[in-house]
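Next come two complexes, and both contain subunit A; in the first it sits with subunit B, in the second with subunit C.
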Partner chain A sequence: MTFALYIARDTPLHRIPPAAKLLALVVAGIGVFLIPDPLWLLPLLAAIAVLFVVAQVPLGATARQLKPVAFLLVIIFLAHGAFTSWTLGVLVVLRFLLLLMMALLVSFTTRVSDMIETIETVLRPLANIGLNPAKVSLALSLALRFIPILAEMTHEIREAQRARGLDRNIIAIAVPLLVRTLRLANTLTEAIEARGWDPDPPARIRR
Partner chain B sequence: MDTRDIVYVALFAAVVGALGVFPPLTLPLLGVPITAQTLGVMLAGSILGARRGALALLLFLVLVAAGVPILAGGRGGFGVLLGPSGGFLLSWPMAAFAIGWMVERVWGRLNFVKAVTINVIGGILLIYVCGIPWLALVAQVPWDKAFFGSLNFIPGDLIKAGIAAYVAVTVKRAYPLIQPAAVNQE
Partner chain C sequence: MAFPTRGQTRYVAGAMIELRDIHHRFGDRIILDSVDLTIVERRVAIIGSNGSGKSTLVRLLNGLLVPHRGTVRVDGMDTRGEAKAIRRKVGFVFQDPDAQIVMPLVDEDIAFGLKNLKLSKDEIARKVEDVLSRYGLEHLRYQATHTLSAGEKQLLALSSVLVMEPDYVVFDEPMTLLDLRNKKMMATVLATLPQVAIVVTHDLDMLSGFDRVLVMDSGRIVMDGPPATAIPHYVGMMS
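Now for the complex of A and B:
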């Protein structure tokens, strides 16, 4: 089980700084909605497909991400065909597909750690309105670190409940999972505080 | 927000992620497969309270946006948040906040019926109020079609509201967190 969409390759797309990719994504995302004609979107879709090849993204990874959305897109397309017009349906579905592919490309070619670093940089100015960057960083890295651990814990509990014939009972899994998580949170807090972690270092001390 | 609050927020974001990474669980008796993720939204609100619950879900969405595939079915990335169902996802922090706010109001007298009611209001009604207009506007689907299409998910959501309520009341008995005494321990 991997916990990132990132696909490690050495391509020009991987080397673009994450901030630039995110900015491009925002601009392109707005641009897609300004194009009124589906015919203009098709060459864009082809261009994105070429970028996927350049970034050496395996087809399977893309398919895995697109499959659940494809179902929804088909429904939206059919709804448009039945109630508005097929042209509008094509336009709307192509827009989503483009947006999704562009965002996926960014996710596939950017490390989660780099992305989070960028997010932290973007959030830094918010320190002025009381958002403590140290606290945000702690929360982000803790959550990242503990997703695999909690997934493993869920698996363990499920195995234990299987012995009691309760592995398909969501309540028998959720209650122990939450109690163990809350207990884990206590231990973790004590460990962090014991190491002297302080998000608000005294302002007077300067190095 | 002291260290303990931050740890709760982070671990709950991870719990919601862990719930999504797992294959859909099947309900006892009914055999309906459901993904446990909105269960996590309801539980975050009713176990952590408004502020921490909302922050946990916000953190979860930030991780999704950063490309961690922790949405049900192993999905992730910016695209999902901007897609047709983005409104439902973006409403999760608000839903957790609303649920937490209501639970805080009835904390001493919280029972199963109250918890279900709160989950239905905050965890179903509010999420649909945000998700359906988003679907209608972004996908340009007629409003009534978006509305009736979404109704298909109501039965599953009602079951989840019940499960979340039962779990929340049980966990409250084992580990009450919202009580002022517990919150201000340190």
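Now for the complex of A and C:
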């Protein structure tokens, strides 16, 4: 699993400011759920497909992201077909697919750091009620950075415990994972400090 | 940069770290006991058994840790009050590369420290480019950091520190987790650093080019000299 989907290209879509892309994503995301007719969604899907071409996203990269979800979409479709109506099934699946494609498009064309910076800017007014945007943005970056590492660590520990027949024992996995995570977090804190991170907002806001 | 020498030993003009009468405890345990030390040499190694206090000592050098007693001065500035300025002067490379890469992408991680220095976007971009090409990391620029090899990760960790242009770089066992080839690569990078380097290590093979070796035992510096005298002393201690 990776969150760093960004594909470096010089296309009009890459050049749109991240704030505009995020806003468009939110608006389009809501729009998709307000459109009641699958027939209206199809041209939208075609439009998104065109944008993928414009953004020069390789087909393989898109397929890799969609593959794990495809199964889920099929289940949703079948469930709706069996219990409500096939039309509704098509509608729901199309909505999800559209939403996913749009989110992917933004991820492929926007650097994570730019996205996080945008979120930091948007949150800035909240500094007045005690929320520190710099901290929120670092937390977001760290989450993106460490989810794959935690997944890897869990995998490694399971492999090690498998050799002892303990790979189904939740304690045998959770305890070493916790110990390693704490140690990692400890060094990480120091590393962040050592590189001069300073979360304090300018004095103007603090006083 | 040229280094003036005194005998065999190389110095960096004007650079100095001073530790005066350092005592440090964790709970009741004394971890550092009356350490006095002045560092002016260009390559200083710290060796000693596990738990002898090496990591604790080097954490004092950039204010990550403030001693319970005594003072640490970097170019005259006290780590007790001027931690922020000292962080700019003293870079720190840790043992575990995974634990010191902060950002999801390679170039973002290099930019992290520069953003903390509040440099302009253009300046950040220029410095990132510089360091990427200096250490041959250009092709990894947009790669997710968790997908790098251990050697690449440690090289990135070092690049992310060096891009901030510190005057001193502290390494706490920078090669312990690396294979032989990457150890050699790191040793080469280390040898060519213009900065003062203070290196904690268990790897006695890499010490030949050092100007000074400190041997620690139970929180004290028990030997202080050139590699040719300090290493045999340490080996004797261990056997």
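Here is the rule we go by: the second predicted complex is superposed on the first by the 135 of 207 C-alpha atoms of A that agree within 3 Å, B and C clash if a C-alpha of one lies under 4 Å from a C-alpha of the other, contacts with A are read in each partner's own complex, and residues count from 1 in each chain.
What we mean here is this: a contact is a pair of C-beta atoms (placed from the backbone, for glycine too) under 8 Å apart; a residue touches a chain by one contact, two chains touch by 3 or more.
Everything quoted here is computed from the prediction, not taken from an experiment.
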Q | Which superposed partner A:Arg162 touches (first subunit B, second subunit C, both, neither) | A | neither
**Q.** First, second, both or neither for A:Leu144, with subunit B first and subunit C second
**A.** both
(Q) Just to be sure I read the superposition right, which of the two partners does A:Gly196 touch: subunit B = first, subunit C = second, or both, or neither? (A) second
Q: Check whether A:Arg124 is in contact with subunit B, with subunit C, with both or with neither, and answer first, second, both or neither.
A: neither
Q. If you stack the two complexes on chain A, which partner ends up touching A:Ala8: first (subunit B), second (subunit C), both, or neither?
A. second
Q: Determine, under the contact definition given at the top, whether A:Leu188 touches first (subunit B), second (subunit C), both, or neither.
A: both
Q.
Applying the document's definition of touch, where does A:Val112 land relative to subunit B and subunit C: first, second, both, or neither?
A. both
Q) Which subunit A residues are contacted by subunit C in one complex and by subunit B in the other? A) 2-4, 6, 112, 138, 142, 144, 149, 183-184, 186, 188, 192-193, 197
Q.
Under the stated contact criterion, what part of subunit A meets subunit C in this complex?
A. 2-4, 6-8, 111-113, 138, 141-142, 144-145, 148-149, 152, 183-184, 186-188, 190-198
(Q) Please output the residues of subunit A touching subunit B within their complex, sorted ascending. (A) 1-6, 25, 29, 64-65, 68-69, 72-73, 75-76, 79-80, 83-84, 88, 92, 96, 99-104, 106-108, 110, 112, 115-116, 119, 132, 135, 138-140, 142-144, 146-147, 149-151, 153-155, 158, 168-171, 173-175, 177-179, 181-186, 188-189, 192-193, 197, 199
(Q) List the residues on subunit B that touch subunit A in their complex, please. (A) 1, 3-4, 6-15, 17-19, 21-22, 25-28, 34, 36, 39, 43, 47, 55, 59-60, 62-63, 65-70, 73-80, 82-85, 139-142, 145, 149, 163, 166-167, 170-171, 174-175, 177
Q: Using the touch definition up top, name the residues of subunit C that touch subunit A in the complex.
A: 59, 62, 64, 84, 87-88, 91-92, 94, 96, 98-105, 108, 111-113, 116-117, 141-147, 160-161, 164
